[in-house]
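Here the chain labels run A, B, C and D in written order, and each chain numbers its own residues starting at 1.
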Amino acid sequence: MIVVMKLSATGSEIERVEQRLEEMGFKSHLIHGVERIVIGAVGEKKIAFPTGLELLPGVEKVVPVMAPYKLVSREVREETSRVTVGDLVFGGESLVVCAGPCAVENEEQLVTIARRVKAAGAHILRGGAFKPRTSPYSFQGLEERGLAMLARAREETGMPVVTEVLNPQDGDMVARYSDILQVGARNMQNFPLLKELGQIGKPVLLKRGPAATIEEWLMAAEYILAEGNDAVILCERGIRTFEPATRNTLDISAVPLVKLWSHLPVIIDPCHSSGYWRLAMPLSMAAVAAGADGLMIEVHHRPEEALCDGPQSLTPANFQQLMRSVAQVAPVVGRCLVPPTGKRGGENEH
Amino acid sequence: MIVVMKLSATGSEIERVEQRLEEMGFKSHLIHGVERIVIGAVGEKKIAFPTGLELLPGVEKVVPVMAPYKLVSREVREETSRVTVGDLVFGGESLVVCAGPCAVENEEQLVTIARRVKAAGAHILRGGAFKPRTSPYSFQGLEERGLAMLARAREETGMPVVTEVLNPQDGDMVARYSDILQVGARNMQNFPLLKELGQIGKPVLLKRGPAATIEEWLMAAEYILAEGNDAVILCERGIRTFEPATRNTLDISAVPLVKLWSHLPVIIDPCHSSGYWRLAMPLSMAAVAAGADGLMIEVHHRPEEALCDGPQSLTPANFQQLMRSVAQVAPVVGRCLVPPTGKRGGENEH
Amino acid sequence: MIVVMKLSATGSEIERVEQRLEEMGFKSHLIHGVERIVIGAVGEKKIAFPTGLELLPGVEKVVPVMAPYKLVSREVREETSRVTVGDLVFGGESLVVCAGPCAVENEEQLVTIARRVKAAGAHILRGGAFKPRTSPYSFQGLEERGLAMLARAREETGMPVVTEVLNPQDGDMVARYSDILQVGARNMQNFPLLKELGQIGKPVLLKRGPAATIEEWLMAAEYILAEGNDAVILCERGIRTFEPATRNTLDISAVPLVKLWSHLPVIIDPCHSSGYWRLAMPLSMAAVAAGADGLMIEVHHRPEEALCDGPQSLTPANFQQLMRSVAQVAPVVGRCLVPPTGKRGGENEH
Amino acid sequence: MIVVMKLSATGSEIERVEQRLEEMGFKSHLIHGVERIVIGAVGEKKIAFPTGLELLPGVEKVVPVMAPYKLVSREVREETSRVTVGDLVFGGESLVVCAGPCAVENEEQLVTIARRVKAAGAHILRGGAFKPRTSPYSFQGLEERGLAMLARAREETGMPVVTEVLNPQDGDMVARYSDILQVGARNMQNFPLLKELGQIGKPVLLKRGPAATIEEWLMAAEYILAEGNDAVILCERGIRTFEPATRNTLDISAVPLVKLWSHLPVIIDPCHSSGYWRLAMPLSMAAVAAGADGLMIEVHHRPEEALCDGPQSLTPANFQQLMRSVAQVAPVVGRCLVPPTGKRGGENEH
């Protein structure tokens, strides 16, 4: 941490800062600049970053030197983490694709879509039973009935399941039905939820908040790891910007940046980021080319009748085409797209 | 709702849209433009806004005509709502000022600050017992012990108390201690929490999320009103923009806009929006001049030692100065700043 | 400047950084932290900030310590600058209000509006002769004919004139007609234009770009001062954010921040920032309460027929009301609103 | 255009709107909704979009139905435009890569880099002679001397040249030296410059402004086409968002969106968007995978000594590696990367 003193700082003001740093467990090193004094504060990373120093007389600003995250940092763990879900591995050579409807609407809908996406090569079935909706008048999800349908679809198809938890007290219930627990974008900084999922210990898919910096996203993951659960998969799904043409702006740069800073695997959701199914294909291609470890895609067999997010859902036929293209781009970046191995196969697409 | 058809839309595509609108309960009206067809869909406001129309062949885009909120709308209720907390009224002629520390740290700290802010004219005591922090290694609040200290500070000073609820399952507990339940900015779209607070029925202070549009903020309030609780106070606390000089950008325009669109009272938090105590005074003045119904201010008697957000906290002396200035600007906009009436007075500032 | 070395930096990498700093004229000071080395680089402010250091092996990041602006900085000049235009002073006790139509449409329109705004107390006449429009098919301004009309309106009313320059080669021509040369928001970083206006030497009104940080805005002013012209008035007119309810988001915090960092006067344009005339009044009140040195307001006697920006223009009657309210809020913050002194009076409003 | 009337609109208010629409050349069609009246206004696309309608009594809002651009629209021209520069074609099957230093520093530097990038497969040499810099104290470019060096580098290597024009009055001069005239991001809405380049008639590379919507970017291109020059190449280079980890946020979705809306070719600049050379490779891969027609890459043989933007410049060796990877991803999306054909070859990289 660097403390920059004001041009006008007096000797006793400087001493007071040094004294306060010492009380906090830091050693201070003075740098006498041409115009002003700068104090380098040296201490163990575990000393909490102090917030009040800016307020001492004579202090201009305080500049942190080190990133605030620890357990998620690549400096702590050089090798990319592999998060295992049954036979599947996020962060390995093979890409992992989650696909399914935005919301679980009924069993027939879910099983139909599950079979179609499995036939097209998807590995994991996604589907929301608890739906966070901007309007209280929109469909809010089937809740536990929806979870049970997901479990039945897993039985039918052999695909593991990922679904969102909204409320910390539902964590255990959702964990009974689901293989991966998803933290939605709006809940990225729902800290009671993060702690709860950290304690449950099942793999967590952590979506980036639409207004969260990459650093804040990694700090949210740090909450889960700090509870002892390091099975975290990050998911970039677009950030909020001034551009109205897309629902969000996919921050494709986040993929290589997260890879530089952290050992956690990261996947992309091209449907929520764009809000428009036509962009799902080019954005999926871009994501894999940029180094993403997988994709999360919304698929609906009748998008125009979907209870939620129809305009950003692909038909099974379009999804199949997307998977074929992704399979071609993967080897260019040293990855592959291996079909799911479950005995109970999906319905054939022909 | 307006459905704009593509230049190339065929007659049968137009018919299919009309048919689908009819199934949904709308009547359609065709407008034959010079270049293209536009379909006006007429229906009761209670019909859910359909999401899949954009996907029908020949449709270019769908434009909603009406705002999605209902209960919070000024069209539904012309008069400004008054939210009553004991003797105090948000939305009346007199401004209401909430002040206190960011976090409850211990009883001595809380009572000291409470007395000082009351003496300076604050009406409501704020203080966090559950603290949502970006880092899992930062102070997370005293939880129920902190709530008990708030209750004791209320006894000491006669000031009602506002504090944040993070977890829906803590709602009842917090409601036992607090007069107003605060939804923090990160939780603005924590829908289980909104529903819970809607059911508890105590006044709710709903902070705007840093990436939430004004419309989304009103929709979050709609969740609470839809549960039967219309005692909602809105609080603008800055939005996230590209400007790094302030922690957030105070959206001062939100004050008059919310007043145009909704009947709910709205207050301003100049400390979180700027992240810098020196801006609290000019931003408070601006807020009142723009029509805000009150303020929420962070005050700490030793900001440089605060466990949370010291740099944005005012000293009691600076807070007193702020209150004097606010008292002068209030009458210019037809408001006043009445001192608190509780029998148990705060400590005198001299 | 602080150079933070990587955890893995070797001794020879550190030496290379020190050597490079020395070549550039800096002295280096090593701080041996618990985990890593940090190098403080000390040098005269006039040494250019080096861009390539991050690329040397072993370097993690480079953190600048000082703000990049000099001439505009309050550290260089403690007293607020006063920019004089005839009898008027920006940055003094009295607020200065510029008012007039978005675009000069014809002489009758301009003179009518000029008389009305003068009668209401405006000091300076605004009006665009060169109009930067998003669409090439929109009205682009009357160009030199419009300038001549502005000059005639000045003769009629005695009001000084402010108008925008779009093209550096028009600088001299505009300066023959106008008392203040305006740099529009889209041109804040049009450096040839800034240099040209720096050389012409007349007062410059520098609008903040919709995507410019406050620091970049001050750097744009620095361009003008660096050419020897320190008569610069800053004008905040909203920044681009995700919020669609207003055309831009007025960054009210910029007013007190600019006052802390710079000695230049700063005014507010509430019309462009909101895009909506109904917000002009509350935002003007907020601006003055926050410490702004003046206002720039769009006024049109028939807004619904304006060739440009009608929805954000006030009628003369609404403008008069705004001026009355502003006159009341000014004394609260130690300012006043003195009516214009020109012999040739405006038309009386009764 | 759709005019939504207020709930409270009276019959005579509706008539007045209809009358005003008629005066403007529109025909109106009333839709009687359950709660309110909506008026569809039908007219030729060439009728200017009216700005004052919102101000008529009883009007709630005005919703445009059609995009404001015409000549750049894919509705007007279905086939992708091909912009030809010598033997090269932007918008064809083969990708076009522009590479070179941020700024022309001296002839030796420029020719060295030019030979290296040509050897690696670049088609066009980029290099700035006029440099728009945030600080007036930063290197501002060699101006005409720099242009002459670019021309000599072209002679040496046979590569066409692209360079930025800052000032409209320099347009002709730059056009004498350069094959493509670049409009920098800060000048995207410098309308006198756009008109000038429209008239000169040489190919224009139009960078997206950091705060410009895709629609505004297309409108800027429309300015150039409206002057009779349809040789416009769009270049996405990142937008300004709250994320501080990258200099800008590359809006990768803009590539497929521009392809849907417009017939103009679009390339990507991964260096300016990220500000960090390590991201240039993954972002270039992403751009090509998403359908971009080419790339613009900053290359410097000694980035750590570059006078401008060193941290985002690749070494020739890294650039060569990037080109090899791009050549592999191109065929996956039906494109190719053909080496330059000039007789005067670049220096071999071995």
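Definition applied: contacts are C-beta pairs under 8 Å (C-beta built on N, C-alpha and C of every residue); 3 or more make two chains touch, one makes a residue touch a chain.
All values reported here derive from a predicted model rather than from experimental measurement.
**Q** Copies subunit C, subunit D: same or different interface, half of numbers shared as the threshold?
**A** Same, since most residue numbers here occur in both copies.
**Q** For subunit B, which other chain has the most distant CA centre?
**A** D
**Q** Where the CA atoms of subunit C average out and where those of subunit D average out, how many Å apart are those spots?
**A** That gives a centre separation of 27 Å.
**Q** List the centre-to-centre spacing of subunit A and subunit C in whole Å, with centres computed as mean CA coordinates.
**A** A distance of 40 Å separates the two centres.
**Q** How big is the gap, in whole Å, between where the Cα atoms of subunit B centre and where those of subunit C centre?
**A** For subunit B versus subunit C, the centre distance works out to 31 Å.
**Q** I need the residues of subunit A touching at least two other chains; which ones are they?
**A** 211, 240-242, 244
**Q** Which of the residues in subunit A end up touching subunit C in this complex?
**A** Subunit A reaches subunit C through residues 2, 4, 7, 29, 31-36, 38, 40, 42-45, 63, 65-66, 75, 240-242, 244.
**Q** Spell out the part of subunit C that touches subunit D in their complex, as residue ranges.
**A** Answer in residue numbers: 20, 48, 51-56, 68, 132-140, 166-169, 186-187, 189-192, 209-211, 216, 219, 222-223, 226, 240, 277, 303-311.
**Q** What part of subunit A is in contact with subunit D in the complex they form?
**A** Spelled out, the residues of subunit A in touch with subunit D are 211, 213-215, 239, 241-246, 249-257, 260, 273-274, 278-279, 282-283, 285-291, 325, 328-329, 332-333.
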